[in-house]
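The structures come next, written out as structure tokens.
Each of the next two complexes has subunit A plus one more chain, namely subunit B in the first and subunit C in the second.
Entry: the complex of A and B
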């Protein structure tokens, strides 16, 4: 599949979602894992746009690419916003998840959903670029 | 799919019908409708989600905002949510704080 370069604005999330859905269809993923991947990519892209670019008063792009093999579908988001490792974020624990909404902290849910939605997630920073890498296995998921 | 949120107030019940994709790009619109509902001091918030096909954490945060804005005494009902959207609500523990129903009959 061809890669795509989108402006780092929230308006690009829709186009990004369409790209991911096309990739999951091509990979033959079932509805649930396909949705999990779309959600994970949407969450990370939102973080990149809001924290990596807008809050840092930077303008730029997000590049998305995909690689399909017999065993997996890999999606890579690449950006030049401020370096941020999503895995450094503290995730909500069981106690937090069970708390009444009126007492809950609003942070950390996005990364939690990323890790729940994909088979493997990794982050690297090299040559001035953030790379967020999402991997879905093509079999063995329901 | 484009997002839409429509508010209807009936007998102090705020019913909001959500359609399409609710993520960071559309959450501000949802938040506006929640604020519009909150000023009318509803006793109950009903969210019709049959046609909501995508829900990201930005949308979940608006639900937390709704509960905090309207107060703990205002119960939230999520109606018609299914598939992965319902899965996200449950995975995030929201089913402990909202009433999840398949259908809703106007009072």
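Entry: the complex of A and C
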């Protein structure tokens, strides 16, 4: 699929979601893995837009691209916001997830959903760009 | 994304349609909190909600806390299977009453 460059604003989430769903359809992913991927990409893109750009008072774009092979669908988000490795975030543990909602600290849930939603997630920073990489297997899932 | 609310005695009946993400969750939250000034029992009809991100979970958490503090009740109607999965893996599901139909939701609310 052709790659897409979107302004790094929350208004772009909608179009980004449509792009991901089109890619999952092309890859023939089932509904649940497709939803999981879409959710994962949405969570990371929201972080990039709010923390990487808006809070830092930066403007810029997010580029999204996809690569389809026989065995996998890979989505890559590329941005020039503040460098941030989502994997450096402390994830909520089992104990936290079972706490009453009155006492919960909701931080880290987004990244938790990313890791639950995709088969592989990785992050790299090079030449001034953040690259968030999401991989879904096309066969042998669940 | 649309939000409609109506007040029926102590009950707030709200219908949300569309996607609840980082963009739309604050708007849904504002409208629902405003409606909750009028009642402390909330039926949230989510049959038309096709997507819910962690921003949506944060909104549900806030609504839950507001309502729990006032000894009210929250019933979610028609939550999609994918959104149920998200709520299960994050431990949210146990704190909400879920109903499949509007009728079942209304009877769970009272």
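Rule of thumb we're sticking to: the second predicted complex is superposed on the first by the 141 of 142 C-alpha atoms of A that agree within 3 Å, B and C clash if a C-alpha of one lies under 4 Å from a C-alpha of the other, contacts with A are read in each partner's own complex, and residues count from 1 in each chain.
We take it that a residue touches a chain if its C-beta (ideal position, glycine included) is under 8 Å from a C-beta of that chain, and two chains touch if they have at least 3 such contacts.
Everything quoted here is computed from the prediction, not taken from an experiment.
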Partners on subunit A (subunit B, subunit C) - clash or fit: clash
Contacts of A:88 with subunit B and subunit C, given as first, second, both or neither: neither
Which superposed partner A:97 touches (first subunit B, second subunit C, both, neither): both
Which of subunit B and subunit C A:126 touches, first, second, both or neither: neither
Which of subunit B and subunit C A:69 touches, first, second, both or neither: neither
Partner chain(s) touched by A:110 [first = subunit B, second = subunit C, both, neither]: both
Partner chain in contact with A:10 - subunit B first, subunit C second, else both or neither: both
Which superposed partner A:139 touches (first subunit B, second subunit C, both, neither): neither
Contact residues common to both interfaces of subunit A (with subunit B and with subunit C): 10-11, 13-14, 17, 31-32, 35, 38-39, 42-43, 46, 49-50, 97-102, 104, 106, 109-110, 112-113, 116
Subunit B-facing residues of subunit A, complex: 10-11, 13-14, 17, 31-32, 35-36, 38-39, 42-43, 46, 49-50, 96-102, 104, 106, 109-110, 112-113, 116
Subunit C partner contacts - residues on subunit A that touch it in the complex: 10-11, 13-14, 17, 31-32, 35, 38-39, 42-43, 46, 49-50, 97-102, 104, 106, 109-110, 112-113, 116
Subunit A-touching residues of subunit C, taken from the complex the two chains share: 19, 21-23, 51, 53-55, 57-58, 61, 64-65, 68, 81-82, 85-86, 89-92, 95
List of subunit B residues in touch with subunit A within their complex: 21, 23-25, 54, 56-58, 60-61, 63-65, 67-68, 71-72, 76, 83-84, 87-88, 91-94, 96-98
